[in-house]
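The structure follows.
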Amino acid sequence: MLKLDFHPAGRHFLQIPGPSPVPDRILRAMSYPTIDHRGPEFGALGLQVLEGIKKIFKTAQPVVIYPASGTGAWEAALVNTLSAGDHVLMFETGHFATLWKKMAEALGLKTEFLGLPGIEGWRRGVQADMIEQRLRQDSGHEIKAVCVVHNETSTGVTSDIAAVRRAIDAAGHPALLLVDTISGLASADYRHDEWGVDVTVSGSQKGLMLPPGISFNAVSKKAIEASKTATLPKAFWNWAEIIEMNATGYWPYTPNTNLLYGLSEAIDMILGEGLDNTFARHQRLAHACRSAVKAWGLEIQCADPAVYSPVLTGVMTPPGVDADAIRKLIYDKFNMSLGTGLGKMKGKMFRIGHLGEANDLTLMATLAGCEMGLKLAGVPLAGSGVQAAMAELSASVAPDQLKAA
Amino acid sequence: MLKLDFHPAGRHFLQIPGPSPVPDRILRAMSYPTIDHRGPEFGALGLQVLEGIKKIFKTAQPVVIYPASGTGAWEAALVNTLSAGDHVLMFETGHFATLWKKMAEALGLKTEFLGLPGIEGWRRGVQADMIEQRLRQDSGHEIKAVCVVHNETSTGVTSDIAAVRRAIDAAGHPALLLVDTISGLASADYRHDEWGVDVTVSGSQKGLMLPPGISFNAVSKKAIEASKTATLPKAFWNWAEIIEMNATGYWPYTPNTNLLYGLSEAIDMILGEGLDNTFARHQRLAHACRSAVKAWGLEIQCADPAVYSPVLTGVMTPPGVDADAIRKLIYDKFNMSLGTGLGKMKGKMFRIGHLGEANDLTLMATLAGCEMGLKLAGVPLAGSGVQAAMAELSASVAPDQLKAA
Amino acid sequence: MLKLDFHPAGRHFLQIPGPSPVPDRILRAMSYPTIDHRGPEFGALGLQVLEGIKKIFKTAQPVVIYPASGTGAWEAALVNTLSAGDHVLMFETGHFATLWKKMAEALGLKTEFLGLPGIEGWRRGVQADMIEQRLRQDSGHEIKAVCVVHNETSTGVTSDIAAVRRAIDAAGHPALLLVDTISGLASADYRHDEWGVDVTVSGSQKGLMLPPGISFNAVSKKAIEASKTATLPKAFWNWAEIIEMNATGYWPYTPNTNLLYGLSEAIDMILGEGLDNTFARHQRLAHACRSAVKAWGLEIQCADPAVYSPVLTGVMTPPGVDADAIRKLIYDKFNMSLGTGLGKMKGKMFRIGHLGEANDLTLMATLAGCEMGLKLAGVPLAGSGVQAAMAELSASVAPDQLKAA
Amino acid sequence: MLKLDFHPAGRHFLQIPGPSPVPDRILRAMSYPTIDHRGPEFGALGLQVLEGIKKIFKTAQPVVIYPASGTGAWEAALVNTLSAGDHVLMFETGHFATLWKKMAEALGLKTEFLGLPGIEGWRRGVQADMIEQRLRQDSGHEIKAVCVVHNETSTGVTSDIAAVRRAIDAAGHPALLLVDTISGLASADYRHDEWGVDVTVSGSQKGLMLPPGISFNAVSKKAIEASKTATLPKAFWNWAEIIEMNATGYWPYTPNTNLLYGLSEAIDMILGEGLDNTFARHQRLAHACRSAVKAWGLEIQCADPAVYSPVLTGVMTPPGVDADAIRKLIYDKFNMSLGTGLGKMKGKMFRIGHLGEANDLTLMATLAGCEMGLKLAGVPLAGSGVQAAMAELSASVAPDQLKAA
């Protein structure tokens, strides 16, 4: 029998950019008794989460909830809207954009990958002008969809989706706009309707503070129209039946009831704080985190301040310093998990998550762990990031956090 | 805010044939802190559940675990092994066999549905001789797969899978054998290797006693070979990458960690009891349940005693009696959920689940609720099913249930 | 390491007259994070439970909550109101009345034990006329307190406390009335103010559905007056400081915070159902339980129908039949715990608890377990108690139990 | 209905010197189903915790476990060993020593309070030489017990109990030695047998990491002898019956089962880490905490480095600075609870708890919250305590914390 309590004395700090720490409230909600997903009370639960999740996506259009983890929702976005051989334009923002492209190819789509050269693309957001230019060239409208990642989890860059929308419109191009905000949703501002996104893909284990296992497609009318003629095979991911049955709060097949309990609680927590307050909290923490990195004299992976991520901060280690060795030291000595460098950045950076259930003192613990670890690893630091972050947090001190109910 | 505790005083009896009641032990295990699915301790968890689940399937071959509910695993079995337009032979055992056929068609396969006429097919198991006969006719080996449901959740019939294997072999036909034991696994005896099944599909929310959200494909070498040339698009469901990464206990994309904690606990519980003891327990309870139905003078949906299900019992109501009205009365008055009649059987029967975490007294409570409900609904009963079941249980009294650890 | 999950497959039926099964809602509430018992939010919790518990006792006077199990609250009632050598009149209703008397003696009080001869006193409630008669003789008012047990857990007799009050008044006697309703509260109707009780003692692990660990003294003005001059040493149990600090929702020493969370939830559950609905539910279940015992041809321990307990039913086994052997058989074979015969009734009866979180089907499971066990033990039964109970429950069918929120 | 989740986004930091944060493992253990405290499996649980808790007290003699919070165990120590009017010698180490003295008086004992003048006594530990001197004067052996507090929670001073033992022995005095280590046990080294303590009092909500509600008396042979003739009234607290029934793992009255589950888990956690490793961890954290206070240029409440507490650190604020205003600011702005100054120290200091489930990063979060709060409150600081603590922790870096099971 495996002991599931892996960690030693004291709380483990899970500071990867997802899965994020699951609050006790959500773990408790997930332990409500499983009910009959065809019984009368399930409909009430279903209607509530379906209505609540729309507010999180800032949409009045349907949000499809899948009993599957986020990668499934990527697939769902593609198979519902596209046909074999369709040309899709994707933008290389990092590792997850690359994985999504790989999936599109596996599904038989023809992909085209725009991007900046070398690792530059991994340090800046989507370049909307490049998309506009490319679409203008596509006078035959061969390109059926533009796929971009909103918050690139591998780098800590949050691209400007409104700009991508404007680029498509400026080019007068009919391509669908498909956006992955798996790690952005509910930590970074996101506006499905206002930004004119056709399919927004997201997941549960990031800003929603749930364990992995639920994922989402928020869909536009135009996307639904496209799904009626798209011919990639689809059954489990098919929007049509799900949206139809969702009208009464049910699903055509077994939904994952206990994670829906958790989702219901997460929605209550986020809307209780106020969605925009949640975003402001993450911006403030991210700002303090970057102050620390700058004070250490290390480089932030995101090279364009306009697209700094409120979800995570990528920290580049000096040439010759193995970032994963530092991560391991911090893990072994200080009981904290940090995100590894992925793909092109393997060994060259680590990622600090400050998404979901994060506050001033969990950030300070995290930065202290990083600073001690960097020093123990022999990385020369220009100054104390912990001091810099405390200065930032103190200067923008949070409104009163605690009120008796 | 929705109150998630729907039920009034006292415990609700969830006696549908799945989702089955989730034991407290499993709910507690699911509340362990979510960990880094790329961190060192995750591998230990992964290896343990991957090894343990093989014992439950009685296989030495790979079992692919999906972070998705059971319907997804149906799709996985098809898209990994088949190509567009492939001919599949399916057998109509009930509602779920029918849904699987519908899915196969949606995915672009050519289906052929064998079966007995009228509702007879919904009262008897798979007729292996019909399959053998049909395969013998298929001298060109157009048929690429035979798909059958082991335990048909809509009727309470557990088909003889070994006989289907023999039929295919007798016909000398190379078709793959794909079996759905979503509701059978871990309550009804199942032998993936011994029965020569190529893909076994299962899910979490039945005999494994978990909430919905995890599903499985146990796969044979022949199935893996087939997957290398099958051309239906596949990415999320693709076995190859998953099996490759599973070697070290990891997954290519985010697994649903907290349900894996639950799975680890479920495996411990089932292997702790002894898999064959678990099967014997369910056979005994099912036998007692059927004694009750017979004593009431009502008909059991399954008309062939050789294939009675140890998982659930379908109870046909007399002509003119609306089974769903009885279910509603029992739900309203006695705080118990029973399964509805599906498809062809809508309103003509109800289903009693006695799978997963079931014992003598939960069965007696269930039967008492049914008997009181049937009488209150005015259904004439020949005798007391409760008395009959008590007689059966007493005659085959369980071995001592309780031992201090 | 001890495995804390003692029980085998399926749910254990804990049908002793307390501790009663703790509902999941309460277990979840108990898992909220422990807070600073001197911090601002604790006061809100304290005030809420102090106000809510008054409704359960039907009192407008203070209820003192102790972080100690019920036996402590017995001691508290005595040491707060009495002085060394004080004469107390107690009534022998059973084992717990006897234990309370033993405690009074240990504390240096002079006890007098009224009662009916032999086991008769254990089969009937408090005889108010005997108390009246005795008090009339006590013209010097030597007797300082009358102590009675409301619901005698060892026998299943619920005495008429209003009658005791009338007896004291009729005798014109100034003695305090001290009542133990440890096992009665929240399952049997109880009216601290209306019945003129001076100190009511209760505990958490019965009708309140909590684990053991919290206990109560509801106190009258007269009792508080008495406490000012009573000289038995008191510190931990001293009402004065507790009542004073309770004004703002705090305690003079560390309260057991997590059980107070559970108490808050229990109060919500009970007042949500409606206290009188809760009582009616238990009366109905108790009535059905007694129908079963009568159908078996066994004797109910309580010989006076006017004082049948809604909390538990004592079942006497025929002469020569060892009740504990039957209990063991039922425990071993059917995974159910029943209460043992205590004191004078050792081996001669067993006790069926139907208090707290109980409903129709848990009662039917319980009675089925008893009936099968009795038969397997070779006890000749006149008929089926299970049938009789089903008839009773069906005849008085519960109002609709389930409503989606 | 009160919302029991009082806190806003992110985890609350409960850094008071008890109740300490309850680990999830213990909360989960506390949610196991309540069992029959007279049934067979309870005995196994009882024997296990009774045996395990002895290891924590470093004793081979009985440890009595009360279903009551710590103040009750103070009372138990006194009423079991003493008689009305007995003379007890107590030492003023702080607020809790003062409260214990007050209790002794309430119980009718004659107390004598040794101590240093002014607040000096609250800054230094027990002065064993003063005790020795006083006992030498007591040639008639009027003094029946010497009562001292091991870890004074109000100040952060951990007295030398072995020295007190030597003092008593040197004086050749037969007085019992009663020690309160409510807040010391399982965080600070404690040796009931080796130090010749007669009664050690402790509680659950500190180093044992449980919620409040369980408390302890570890007792010597001499104490048990004394209890046979001591005449203070005792019933609930009476050792004799409890120790007798504990032989088989049971209690004479209802124990608080679910907290015993938690205790069983706590014992597993502590002995799993290794008791001496636990002590070393707390010493290291306390050392780092004091480095921070010194770097701030603030005074540590404990003025004698030989008796610094590994459990908590008292921080004195500069004259004229209201420590409670700082605490409130930190609570409001940084979601952290600190301990208030008690009694003589009200408003003059705050207390930082680093007991129980504490590790490097929770301490760093705590110190960062203090440092930011002190600065925001305008307290001039000499330097950065956070920097000093990081230096200390890095210099004595912990052994590897994480190992996959």
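For reference, chains read A, B, C and D in written order, and residue numbers begin at 1 within each chain.
Criterion: a residue touches a chain if its C-beta (ideal position, glycine included) is under 8 Å from a C-beta of that chain, and two chains touch if they have at least 3 such contacts.
Being a predicted model, the structure only gives us computed values, none of them experimental.
Chain centres here are C-alpha means, and the one lying farthest from chain B is D. For the pairs A-D and B-D, the larger set of C-beta contacts lies at A-D. With centres defined as mean CA coordinates, chain D is found 35 Å away from chain C. Inter-chain centre distance (chain B to chain D, centres taken as mean C-alpha positions): 54 Å.
Here the spacing of chain A and chain D, counted between their Cα centres, is 45 Å. Counting partners per residue, chain A has 2, 5-7, 12, 21, 24, 28, 31-33, 40-41, 44, 331, 402, 404-405 as the residues that reach two or more other chains.
Those residues of chain C that touch chain D in the complex are listed here as 1-2, 4-7, 12, 14, 16, 19, 21-22, 27-41, 44-45, 48, 66-72, 74-75, 79, 84, 103, 106-108, 203, 205, 211-213, 232-236, 238, 253-259, 261, 264-265, 268, 331, 337, 340. Contact residues on chain B toward chain D in their complex (touch as defined above): 24, 28, 31-33, 40-41, 43-44, 402, 404-405. Those residues of chain D that touch chain A in the shared complex are 2-3, 5-13, 21, 23-25, 269, 273, 278, 281, 331-336, 357-362, 364-366, 368-369, 371-372, 375-376, 384, 386-387, 390, 393-394, 397-398, 400-402, 404-405.
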